[in-house]
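Shared chain: chain A. Partners: chain B in the first complex, chain C in the second.
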Partner chain A sequence: MSGGDITAILQGAIVTVMLSLVGILIGLPIGLGLALLRWARVPIASGVVTVYVSVLRATPLVTLLLLLFFALPNIGLPINPISAAILALVMNTSAFNCEVWRSALVNFPKDQYEAAQSVGMRGGQRFRRIVLPQIVRVSLPGLVNEMSLLIKVTPVLAVVGVVDITRAAVRIGAQTYEPLPPLLVAVALYAPIVFALVSLQRWIERRQIAAEFAA
Partner chain B sequence: MIHDFGVVWSERALLLSGLANTAILSTLSAIAALLLGFIVTPALMSKHPAVAGAARVFVDGMRCVPFLLFAYIVYYGFPSFGVRLDNWTSGLAALTIYNAAYMAEILRGAWVVQPREPIEAGVAFGFSEIGLFRRIILPPLLLSAGPVIGNQMIQIIKDSAFLTIIALPELTHAASSIQSRHYVPFAAFITAVFLYWGLCLVIEAGVSSIGRVAEARR
Partner chain C sequence: MIMHSFARSNSPSRRLVFGLLATLFALPMIGNAKAANFDEIKKRGLIVATEDDYRPFEFVKDGKPTGFDNELIEDLRKYAPFEIKQEILPWTGILAGVSTGKYDVAITAAIITKERKQSLDFTSPIADATHYYVKRKDDKSISSIKDLKGKTVGIQAGSALLARLPELNTMLEKEGGKLGKIVEYTSYPEAYQDLALGRVDYVVNTIINLKTLVAEKPVFEVGQAVSGRSFPAWAVAKDNKELLGFLNEFIAKEKASGRFAELQKKWFGESFPDLPVAFEPEF
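Then we have the complex of A and B:
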C-alpha cells in the first residue's frame, strides 16, 4: 500500500462524512415533521406516516438504495449515485428519527401544554417555546444513537458506485492483491467516528441522570 | 407496470428461495449469536480485569465497525491468514460474530436489572448450579430481554441483505438478479421490500406475544 492509496481512502472518508452529515441534517427535521403528523393525528397523513415508518424500518438500506437507483430512472426521473445515496439515507434515517421524536412527544406532560394554552400562547409559540426545547433534550440520546447507526450503514452506498471509505479500500485491495491492509485502514477511520458518537450518547445519558438526581 | 409484476411472478421460485435463504441465514446466526452472547456476557462481568477488558474490547470494537466492512474483512481479509471460507460460511460467520457482541450487551443489560432475591432463594432451596441457571435465572432473563432481542433479530435480517455483495443468494440478491435479467427494477425491488416488511412483522408479532407471556407471569 502506497501513500497515494492512503490519500485515496482519506478522500473516501470525506465522502463518507459529507454524505452522513447531509443525511443527518435533512433526516432530523423530516423525522420531527413525520412525528408531528402522527402526534397531531392528522387524518390520512398520520396513517400514511405509520405505514411509511413501519416499511422503511424493515427495509435494508441496500434494497432501498437499489430500488431508488434503478427504478426512478425507469419512471422518468434520472438520478445520479450521490443523489440516490442521499435520498436513501434520508428516507431510512427519517423513519427511525420519527420514532425517537414521537416517543418524546407521546410522553410530553399534558399539563404543561394546557398551562401554555391558558396563558394565551398560540399554537406555534407553544410548540417553539414549551414543547420543542424539552423534547429535544429527551430525544437527544436516541438521535445520537441513530446517527452512529447511519454512519455504520453508509458503506452500502458503494453498491451504486459512490466512492466512500469502504469502496476505496476494496478497490485498493483488488489492485494490490492484499485486501487486508486497506480494510484495516478503513476500520481505523470508522471506529473513532462511531466511538465518539457512542461516547457522546453515554455522556449525555449520564449527565441527564445526574441532573435528575440533583433536581 | 402490471406486466412487470407478471415478470416477477414468473420468477417467484427464485424470489422465494432468496426469502428462504434470508430467513435461514438470519435464524441460524441469531441463535448462534445468542449462544455466543451467553459466553461473552459472563466474561464482560468477570472479576478478572484481563478477561473483562478483552470482552469489552470485542463488544465495543464490533459496535464501532460497520457490518459491511466486517463482512469484507471476513470474506477478503481472512484468506491472508490462510483461512479461506466460501460465501455461505463467511456470511454466517460474519453475521454471528458481529451480532454476538450486541447480544452480549443486551443480555448484560437484562442481567443487571434482574432482582437478586429469587436467585438467593433458589440457592437456599438447594438447586444445583445448572438447575439454578435453567429454572430460576434463564426464564425471567429471556422474558425481559425478549423485546430487545427481537429488535436485534430485525437488525440481523437487515444486515443479511448486505451479504448480497459477497454474492450470497439471499432476497436482495434474488431481486437484483431478476432486475438485471428482465429490467423490471421497480417491481423486483418493491416486492423484496414488502417481503422484508412481512418478515419483520412476523418477528414483531412474536415479540409482542413474548411480552404478553411476561406480563402474565408477573
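Then we have the complex of A and C:
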C-alpha cells in the first residue's frame, strides 16, 4: 500500500464521518417528532407515522437507497449520490429513533405531567422543562446504539458511488490484488469513530449525574 | 409482520395511508424508463458510468480513475463536441442506472448477453471476453478441463460468466463428470483471495482479467477456455440509436488510428485486431 492509498482511505473516513453525522443530526429530531406525533395520538398523523415506521423498519437500507436513487429521477426528481445516501440514512434511522424515543415517552410518569399542568405550565414549557430532560436520559443508550449501527451500515452507501472507508479499501485491493492490508486499515478506522461516539455518551451521562447531585 | 397489522386494522385512515404509500412506491415502476435522447445529451453533456474495481478495464489508483476504459474516456472528451460527465460506482448499480436513464452509457466491459440485450443496446465489442479458468500454480490435480469435474468454482454473482457455466458443465458431462459446488462472490478480488486460501479450486473469469491477475500474482496459473466466443462492450439504453451510432463511430475511429490496439496492448498485454463490429450473442 502506498501513501496515496492511505490518503484515499482517510478521505473515505471523512466521508463516513460526515455522512454519519448528517444522518444522526437530521434523523434524531425527526425521530423525536415522529414519536411525539404517535404519543400525542394526533389524528391521521399518528397513523401515518405508524405505517412509516413499520415500512422503513422492514426495508433494507440498500434496497431503499437503490429505490430512491433510480426511481426518484423517473418522477422528475433528479438526485445525486450524496443526497440519495443522506435521504436513505435519515429515513432509515429516523424510524428506529422514533421507537427509542417513543419507548421513553410511553413510560413517562403521567403524574409528573399532571403536576406540571396543575402549577400552570403551558404545553411547550411542560415538554421542554419536564418531559424532554428525562426522556433524553432514558433514551440515550438506545439512541447511541442506533447511531453506532448507522455508522457501521454506511458501507452500503457505496452502491450508488459514495466512496466511504470500506469502498476506498476495496478499490485499493482491486488495484493491488492484495485486499487484506487495506481492509485491516479500514477496520482500524471504524473503532475510534464508534469509540468517540460512546465517549460522548459517557460524558453526557456523567454530566447528568453531576447535575442531579448539584440539584 | 407489517402485513398482519394492516390486515387487522380497519381504520380507514390507515388504509388510505397504506394505499398512498403503495402508490408512491409503485409509481416509478409504471411507465417507461426515460433515457435522454441525443439532442438532450448534446445540451446537458453525456453522463458515463464506470466501475471502480475492475482492473484492467477501470480501476482507481491513488484516487484517480485509470485503466483501458478510462483512457478511452480521455480520448472521448477530445472527440465529443459536448461535455462528458463521469460517475464512478460499483458494478451493482451500473446496468440498472443505464436502463433507468440515470446514466447514458456504461463505459465498462459489460459482456453482451441475450438477456441484457432485452433492456440494453451494446456498442462494438472492445475486447475478447472468452471465459477461462485460473487455478493455484501448485495445485497439480488440475491440468485440463476434465480435471475440473466435481471441483469447487468461484465466480461473480449475477455475472454473464455465471450464466454461461452450463457450457462448462456440458464439456464436463462429455468427460463423464459434472460441475462441482459453485461459490458466488460480489466481486473478483474476494474470489481470488479464496482461491489463494484454498477455499475454491478454480475461478472463472475472462481471459483479459485473468492474464492481468497472473502477471501480478504468479502464484496463479491460467488454464483453458471454458466457454465459446464472448465479447464485452459498452451499454446504452435500449433504442438510443443516435448515441449508439455516435459511440460506434468513436470506437471505429480509435480502431482505424491504431489507438485502440495500442491501449489493448498496454492494458491487456495483447491486441485483438479481428473483433466484430457487431455481435449477436447466442447466450
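We adopt the following convention: the second predicted complex is superposed on the first by the 194 of 215 C-alpha atoms of A that agree within 3 Å, B and C clash if a C-alpha of one lies under 4 Å from a C-alpha of the other, contacts with A are read in each partner's own complex, and residues count from 1 in each chain.
By our rule, a contact is a pair of C-beta atoms (placed from the backbone, for glycine too) under 8 Å apart; a residue touches a chain by one contact, two chains touch by 3 or more.
This is a predicted model, so every value here is computed, not measured.
> Is this a clash or a fit when chain B and chain C both end up on chain A?
On the shared chain A, the partners clash.
> Which holds for A:166: it touches chain B only (first), chain C only (second), both, or neither?
first
> Check the residue A:179 against both partner chains and state whether it touches chain B (first), chain C (second), both, or neither.
It touches chain B and chain C both.
> Taking the superposition on A as described, I'd like to know which of chain B and chain C A:81 touches: first, second, both or neither.
In the superposition, A:81 contacts chain C only.
> Between chain B and chain C, whom does A:106 touch in the aligned arrangement: first, second, both, or neither?
neither
> Who does A:60 touch here: chain B (first), chain C (second), both, or neither?
Once the two structures are laid over each other on A, A:60 reaches chain B alone.
> Just to be sure I read the superposition right, which of the two partners does A:42 touch: chain B = first, chain C = second, or both, or neither?
It touches nothing on chain B or chain C.
> Is A:5 in contact with chain B, with chain C, with both, or with neither (first, second, both, neither)?
In the superposition, A:5 contacts chain C only.
> Quick check on the superposed pair: does A:71 touch chain B, chain C, both, or neither? Answer first, second, both or neither.
So A:71 meets both chain B and chain C here.
> With both complexes overlaid on chain A, does A:188 touch chain B (first), chain C (second), both or neither?
The answer is neither, since A:188 touches no partner chain.
> Of the stretches 63-71, 189-197, 207-215 or 243-251, which one in chain C hits chain B?
189-197
> Name the residues of chain A shared by its contacts with chain B and its contacts with chain C.
The overlap between the chain B and chain C interfaces on chain A comprises residues 54-55, 58, 66-67, 70-71, 74-75, 159, 170, 173, 179-180.
> Per the contact definition, I'd like the list of chain B residues that touch chain A in the complex.
Within the complex, chain B touches chain A at residues 60-61, 63-69, 72-73, 76-77, 80, 154, 157-162, 164-165, 171-172, 175-176, 179, 185-186, 189-190, 192-194, 196-197, 199-201.
> Help me check something: in the complex, which residues belonging to chain C touch chain A?
Going through chain C, the ones touching chain A are 1-2, 5, 11, 13-14, 17-18, 21, 25, 27-29, 31, 33-34, 52-55, 59-63, 87-90, 92-93, 96-97, 100-102, 187-190, 192-193, 213, 216-217.
> How about chain A: which of its residues touch chain C in the complex?
Interface residues on the chain A side: 2, 4-5, 7-8, 11, 43-44, 47-48, 50-51, 54-55, 58, 66-67, 69-75, 81, 158-161, 163, 167, 170-175, 177, 179-180.
> Which positions of chain A touch chain B when the two form their complex?
Contacts found on chain A: 54-55, 57-64, 66-67, 70-71, 74-75, 151-156, 159, 166, 169-170, 173, 178-180, 183-184, 186-187, 190-192, 194-195, 198.
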